[in-house]
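So that you can tell them apart, the chains are marked A, B, C and D in the order they are listed, and the count of residues begins at 1 in each.
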Amino acid sequence: MAWSREEIAQRAAQELQDGFYVNLGIGIPTLVANYIPENVQVTLESENGMLGMGPFPYPDQVDPDLINAGKQTISELPQSSYFSSADSFAMIRGGHIDLAILGAMQVAQNGDLANWMIPGKMIKGMGGAMDLVAGVNKVVIIMDHTAKDGSPKFLKACNLPLTGSDVTDLLITNLAVFEFQDGQPVLIELAPGVDAEEIKEKTEAEYTVCPKLKRHLHIQ
Amino acid sequence: MAWSREEIAQRAAQELQDGFYVNLGIGIPTLVANYIPENVQVTLESENGMLGMGPFPYPDQVDPDLINAGKQTISELPQSSYFSSADSFAMIRGGHIDLAILGAMQVAQNGDLANWMIPGKMIKGMGGAMDLVAGVNKVVIIMDHTAKDGSPKFLKACNLPLTGSDVTDLLITNLAVFEFQDGQPVLIELAPGVDAEEIKEKTEAEYTVCPKLKRHLHIQ
Amino acid sequence: MNKLKNNATEALEGVLFDGMTIMAGGFGLCGIPEHLVIALRDSGVKDITVISNNCGIDDFGLGILLQTRQIKKMLSSYVGENKTFEKQYMSGELELEFNPQGTLAERCRAGGAGIPGFYTKTGVGTVIAEGKEHKEFDGVTYILETGLVADLSLVKAWKSDDEGNLVYRKTARNFNPVMATAGKVTIAEVEEHVALGDFDPDQIHTPGIYVDSFIVGTDYKKPIEIMTTREYVA
Amino acid sequence: MNKLKNNATEALEGVLFDGMTIMAGGFGLCGIPEHLVIALRDSGVKDITVISNNCGIDDFGLGILLQTRQIKKMLSSYVGENKTFEKQYMSGELELEFNPQGTLAERCRAGGAGIPGFYTKTGVGTVIAEGKEHKEFDGVTYILETGLVADLSLVKAWKSDDEGNLVYRKTARNFNPVMATAGKVTIAEVEEHVALGDFDPDQIHTPGIYVDSFIVGTDYKKPIEIMTTREYVA
């Protein structure tokens, strides 16, 4: 049984460690904030220029001068700080953010990532994604294991334009988790009821299987 | 009659224009602040991180956290702002300072400047001088026309290590003023009682003489 | 030197010309120079190259300069929320250069800081790297990006004093401080004009040296693109 | 994650090793991490490469690390006020690399910002340019300078909150904010510890992400190198 969006977010949240500074992308990654483990304190960065991003504001506290990188209204916390876009990306590019969790269209077996454009469609732009994957210490990618037509999204090589080359550290799909060890993908976990055969069928990328492959009964 | 230190500073102060942001070097250049023309408002920058440098503080207002680039205690003004060394030199390097007035050991006819080290002597370092001459829009150099032994300091080529190459815009000595026009020095003014012959004798650099050469009777 | 101008039109007087490059601060519709953009539209200046992270929405922010076809080229990181943009881009009327957001911010910072080029890992191995110089430092490959300078920078701040010292508010800061440094001429619009000495000199975000003139805007619209709230728990 | 340490010795525990590179903030004796430097001396760590604009005076600031011969190499822009320095340098005991002050500041900023190299006009045609890559941009020649990263950065701020958000005071800011970004580990010393929420988030100079730990110093000496005053006019 494949993981739901919430379960994927929950699994990704297990990568958070106490004291981490974290950037969460738009979409499912945003949900990760709802599953931060107890006893773990993380600081969320928003690349438009804020550390210590708080939750959505109460309706009477909405402030047009306070939005996140997804342009949603947010709130501040007692530890928050604001800075310019240049300072924000100096922080990102300089390797000061511990973890980024981002969505993807395709991932390749060498860690290449494609998540910003589909040729022929209107290109909206990469925003800060290229900077994040190039600069953040650990990049966790979240995506469905296959496209709507069932074709694999974890590939030998991406055929969509890249966001970054050799940048993925951990890939969490709705079916499995792959860890990139020395740049090589290793299947380390399976969603409940999913077996290694099914992953093999639905994956184009070459990968090894961890001897201690973890089979989830349920997400904890 | 050669100009005194004060008169040189007074002449240099005539380069100040209303609204200018100005950096004054250590020594005679510091005196320029005493001769800012009436109706001219300038903002002094100190490269250790301050705009709007005020005068020396009253004895009971001395603050060890408030010094200029010469490490002297100073005061602040209502328009002052503080910033980091990186931001300070971004300002300097980016061409935002209108004018710098600096001392020199030697100047060459191509505008080369030497003011930071004498081989064989203990080298103290260039501080911010190389950044200033490379970045500031107009560089005014102040120096004695000759060394103590009478040898010229305005040369065909500097023999001391350079602070910057082709950086001098105006050279004010105790005897004369040279303007660099398209990189070529032109003698434009003479101190009171000094004639063009004397300058010729005491100068190694090749220069042209401005047809409208100004002979100062006294500094105004 | 009075930096305070009466209105946006007066502030823009004498600095506009067809074919010029203009930087405009803001992220989405947050922290954008609303009034200066309207005055820019009313000026009729044409063939502008605009450097801005986004291009507003159809009827607000830089979007209004698309409706009048005053923009020849955009340099942005994301232009998702704009149908007019899409139409003009798809028809070839509008040129577009995408820059990764951090690269764009750093290019502005470099331009203002007199740095003509810098190396970054961002975009290596992607279309962004095509045609750019590659260089290795300690075994890692980087690409050369260049500094950006604009003929005019338009920025939005919260407050200004007479000197043009600026203070920004929350995430409305974004690209404004770096763009303020990278304009040959920089004009700011603010919500509040304070007296000289009202600012703590330790707390100024943009020193007045970068600001040629400023206006005090009124009736700020500040539209919210995505309103997200939580409920009070009883 | 408690970033507040009891004292300088505790803060330095586990981060020192012989041969390491340490950045130290300050301009002259203004804004220097006095207590951390004393603890550094007491630790006995050897063969340090120190990156700092100056090297203190004989008996204060980084100068005390010269007396104990713990410094192998200095990277500075100006070292004028120090006889011990002069002696050790002239005798060849001490290595010295001069960087123009702005280049030094920008190299730290670049190191902290993940920029391995940038071009600057500063030093072109001087000894500083020797052996460095030259490159033309728009017909002007620039040289390539590299980013600097330190094993440890020691900075002095005015105030810190629990998160390690820092605020500096007047010209004691100088190199501290950029060096805070360029240390693999950064330790701050402050005069005042404030509660979380006491800072206005718009007014933080160094966000806590850059600060691994901090101490609250007492009995700051803050010697003045050149006392200059004016007289009250009656």
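Rule of thumb we're sticking to: a contact is a pair of C-beta atoms (placed from the backbone, for glycine too) under 8 Å apart; a residue touches a chain by one contact, two chains touch by 3 or more.
Quick caveat, the model's predicted, so the values are computed rather than measured.
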Target chain B, source chain A, minimum contact steps: 2
Chain whose Cα centroid lies at the greatest distance from that of chain D: A
Centroid spacing, where centroids are CA-atom means, of chain A and chain C in whole angstrom: 29
Computed distance of Cα centres, chain D from chain A, in Å: 36
Contacts with 2+ other chains: residues of chain D: 106, 109, 113-115, 120-121, 168-170, 173, 201-202
For chain B, residues contacting two or more additional chains: 76, 82-83, 89-90, 92-93, 135
Graph class of chain-chain contacts, one of line, ring, star, complete, other: other
Pairwise chain contacts, counting only pairs that touch as defined: A-C, A-D, B-C, B-D, C-D
Residue ranges of chain A touching chain C (in the complex, touch as defined): 46-50, 55-59, 62-74, 76, 82-86, 88-90, 92-93, 112, 122-131, 134-135, 161-166
Chain A partner contacts - residues on chain D that touch it in the complex: 1, 109, 111-115, 161-163, 165, 181, 196-197, 199, 201-202, 204, 207-210
Chain C partner contacts - residues on chain B that touch it in the complex: 18-19, 21, 41, 43, 45, 51-52, 76, 78-83, 89-97, 135
Interface residues, chain D side, partner chain C - complex: 106, 110, 113-121, 135, 137-138, 140, 142, 146, 167-170, 173, 201-203
Chain B-facing residues of chain D, complex: 27-31, 53, 76-80, 86, 89-90, 98, 100-106, 108-109, 120-128, 158, 168-178, 205, 222-232
